[in-house]
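Same chain, two partners: chain A is paired with chain B first, then with chain C.
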Partner chain A sequence: MFEAIAFYIFSILTIIMFYITISTKQPLYALTSLGAGMILISGFFFMLGADFLGVVQIIVYTGAIMALYAFGMMFFNTTKEIQEPRHDSGAVVTLSTVAAILVIMIFVGPIIGDKMVSLYPPLQGATNTQSIGMVLFTKYLVPFELAAIMLLVAMVAGIVLAGKKMDRSLTLMTEEEIAMEQEAKNKVLV
Partner chain B sequence: MGIDYIIATIIKIVIVMLVFSALAGFGTYFERKILAFMQRRLGPMSVGPYGILQIMADGIKLFTKEDIIPTSAVDKIFKIAPIITASTAFMAAATIPFWPDFTIFGYRVQPIITDSSVGLLYVIGVMAIGLFGVLLGGMASSNKYSLISAARSSAVFLSYEVITGLALLAPIMLVGSLSLVNFNAYQVGGISNWLVWKQPMAFILFWIAAFAETGRTPFHLIANDHEIIDGFGTEYSGMRWGLFFIGEYANMFFISFVIVLVFMGGFGDGSVLSALAFLGKVAFFFFFFLWTRAAWPDVRPDQLMWLCWKVLMPLAVINIVITGFVVMF
Partner chain C sequence: MSIGLGHYLILSIILFAIGLVGVMRRKNLLLLFFSTEILLNSVNIGFVAISHFHHDLTGQMFALFIIAVAASEVAVGLGLLIVWYKRQNNINLDQMNSMKG
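Here is the complex of A and B:
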C-alpha cells in the first residue's frame, strides 16, 4: 500500500515539475523544476529496488548535468522573463502525436511485459551494484568501452578547444615574470 | 514492511533532524569560542555562564528578524533556495550509521535511517545537490556579489566532486561495498585495521575535498567576506539566512561522520567504549574544520582550480591505478 501511495505522489509531482519546466517563461523556475523532476524520478528507481540507478540518476542528472546548465545560465540575466518569439504549429502537431503514441505504449506496456523473459536474470544474493557490474562487464562490455572512448575523445576535444595559454599559470610564475609580462603588454599599448 | 517499521523510521528521522539542528546551533558557539581562544580573545561571554546561552539569543534574533525579499529578486526561487541547502544536508544523513546497534525495551534498534547497499554513493550524491541552494539563491538575488558567489560555488563544487568521487573509489575497491555499515565491518579489530593506513593518499585527498564540499576556509570563496560581502547570503536575512547556516554546519557534521566511518575505523566492534571513541573522532574532525579556519588564510579562486585539476586529480587517479594493481595481484 505504501508503495502505491509513494508511486502516485512521485508521479504527480514529477508531472507537475516537468509541466512547469516547459510552460514557464522564467528561466530560474524552469531550471529549478527540471532539477526537482530529475530527483523525483530517482524515487521510482528506489521503489523498484534499483538503488544504484536511483543514486546515479541523482548524481548524473541533477548533480552534473543540471549544474552545468546552471553554470551556462550565468551568462544570462536570469531574473528577467523570456518571451519566446516562435509559435511553430508543426512542432505542436509532432509533439502531440508523439505524446499520443507514448500514452498508448504506456497502456500496452504491461501486456508485453508479462510475456518477457529475462535472458540474464539477476544473480541470487548479489547486491544491486554487483549485478550491474556483472552485466556491464560481460554482456555490455563493448558498448561500455566504446562509451568510455567517446567520453575520452570529447574530453580531449574540450580541453583543446577551451585551453588557451595552458602552459601559463599565475600561481607558478614568479613576481618578476608577471611584472615582465605586464611591461610587455604596456609597451604594446603605448 | 510493517507499520512498526514506518513508525521506527519516522522517529529516527525526527531525532536526527532535532539533534543536528541543535548541534548546528552549538556548532556556531563552539566555532566562536575556539576561534576566540586561538586568537587570544574570550569570544561570547555576556549571555549566560561563559556565553553558553548566546545560541538562544542568536536563535531569538534569527526567528524574529524581518524577512526581507528584494523587489527585483525572483521571489519564489529566492524563498526556496535556503530550504534546498538545509534539506539536502539532512537528507544526506539517511544512510549514515550514528551509533552501533543497541537494544532498548526489547527492540533491536539500528541507529541508521536506512542501510542501503549504495549508502556512501548516496551521501556524496545528495550532499552535492546542496550546491543548488547556493547557486539558485545567488542567481535569484539579482545582486552582482551573489551572482559571483553562485558562479564560484558551481565551479568549486563541480571540480571537487571529482576529487571526492575518485578519492573514495580506492577504499571502495578494497572493501567491495558501498554500504557504510560494511565499511565499518571491514575495519573491525583495532587501529591497525583502519583504512587510513592502507589508503593514506585517499584519506588526505578526501579530507581536502571535504573542505571544498562544505565551503569552509581555506576554500571559503563562495562567501568571502572581504571581497564579495556574504556571497549568496548577501540579500538574505532572518531565518532564511539561518537555514543556509544550519545546512553548512549539518554538512560539516555529516562529512566528519563519513570521514571517520570510511577511514578511521567508525564505531568498531560496537561496544559502548568504541562507540564513544567514534563520537570523539567525529568531534576531532569537526574541531579540525574550526582549527583550519583560525590558522589558514583563504586561497585565490585560480589557486583553488589549479590545486584541484593539476595536483589532486592526478594524485587521485594514480592512487586508483596503484590500488587496482594491488587488488588484482
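Here is the complex of A and C:
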C-alpha cells in the first residue's frame, strides 16, 4: 500500500516536472524542473531496491550534470524567452508515443516470452552495493575500464572545446588574416 | 493494488514519449540536450524495474553505464555548444544551415 502511494506520487510529480522541462519558454525553469525530475527518479530507484544507483543518480545527474548545465548557461543569454514556432503538435505527440511504446516493446518482448534466465542474481545476504561491486568488478570489468577511458576523453574534450581561442576557425579565415596573426605572435615572442 | 513491472514500464513509456516530444519540438539546442537527458532517464527506470522484478543485476549495470555515457555526452556536447555560440552568437537549430543541406 505504501509503495503504491509513493509510486503514484513520484510518477505524477516526475511527469509534471518533465512536462515543464519540454514546454516552458524560460531556460532557467527548464533547468530547475529537470533537476527536480532527476531527484524524483532516484526515488524510484530506492523503491526498486537499487540503492547504489539511486545515490549515483543524485550525485551524477543533479550534482554533476545539472551543475555543468548551470555553468554552461552562463555563456548563453538565458534571461530572454525562447521564441519557438507553434506548429501543430498532434502528429508529433502521436509519433512520439508510438515510438516510445515500440522501444519499450523491444526490451519487454524477450522478457514476456519467459525465456530470460537470471545470469547475475543478487547475492544472498549481501547488500545491493556489495552485489553490484561483485558483478561490476568481475563480469563487467572491461566495460567499466572503457567507461573510465571514455570519461577521461570526454573531460579532455570539454576542457579543450570550452578553452580559449576555440572561437576562431583557421579554415574560415583568409590567408591575410592568418599571416597577420602569425606576425602578431612573432612580435610577442621577439 | 501492488505495483508490478507493468506500472514501471508504463511510466517509462510516458517519460520516453515526453522526451521524444521535446526532441521534436525544441529549436533551442540547450533545451534539446535537456530532452535527451529525459530520454536516458526514462530508459534507466525501465532497466532498473526489469532488474528488480527478474532478480538480475544486469539491468542495473546497464543503467550505470548509461549514466556514464550521459555524463560524457553532456561534457562534450556543452563544449561544442559553447564554441558554436562564440562563433555564431545563437544556438538556434533552424539557423545551423552553413552546409546548405
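Convention: the second predicted complex is superposed on the first by the 125 of 190 C-alpha atoms of A that agree within 3 Å, B and C clash if a C-alpha of one lies under 4 Å from a C-alpha of the other, contacts with A are read in each partner's own complex, and residues count from 1 in each chain.
Note that in this section contacts are C-beta pairs under 8 Å (C-beta built on N, C-alpha and C of every residue); 3 or more make two chains touch, one makes a residue touch a chain.
This one's a predicted model, so the numbers in the text were calculated from it and none came from an experiment.
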Partner chain in contact with A:G158 - chain B first, chain C second, else both or neither: second
Chain B versus chain C as contact partner of A:S169, first or second or both or neither: both
Chain A residues touched by each partner, larger count belonging to chain B or chain C: C
Which of chain B and chain C A:A30 touches, first, second, both or neither: second
Which of chain B and chain C A:V135 touches, first, second, both or neither: second
Chain B versus chain C as contact partner of A:M73, first or second or both or neither: both
Which of chain B and chain C A:Y19 touches, first, second, both or neither: second
Touching partner for A:A64 - first (chain B), second (chain C), both, neither: both
Touched partner set for A:V55, first chain B, second chain C, both or neither: first
Chain B and chain C footprints on chain A, overlapping residues: 31, 52, 56, 64, 68, 73, 169
Chain C contact footprint on chain A (complex, rising order): 1, 3-4, 7, 11, 14-15, 18-19, 21-22, 27, 30-31, 34, 37-38, 41, 44-45, 48-50, 52-53, 56-57, 60-61, 64-65, 68-69, 72-73, 75-76, 82, 84-85, 89, 92-93, 95-97, 99-101, 103-104, 107-108, 111, 116, 118-122, 131-132, 135-136, 140, 143, 147, 150-151, 153-155, 157-162, 166-167, 169
Interfacial residue positions of chain A with respect to chain B in the complex: 2, 26, 28-29, 31-32, 35, 39, 51-52, 54-56, 58-59, 62-64, 66-68, 70-71, 73-74, 78-79, 127-129, 169-171
Chain A-touching residues of chain C, taken from the complex the two chains share: 1-3, 7-9, 11-22, 24-28, 30-31, 33-35, 37-38, 41-52, 54-58, 60-61, 63-65, 67-76, 78-83, 85-87, 91
Chain B residues touching chain A - in the complex, by the definition given at the top: 1, 6, 72-74, 76-77, 80, 116-118, 121-122, 124-126, 128-129, 131-132, 135-136, 139-140, 142, 147, 150-151, 154-155, 157-158, 161, 177-178, 300, 302-303, 306
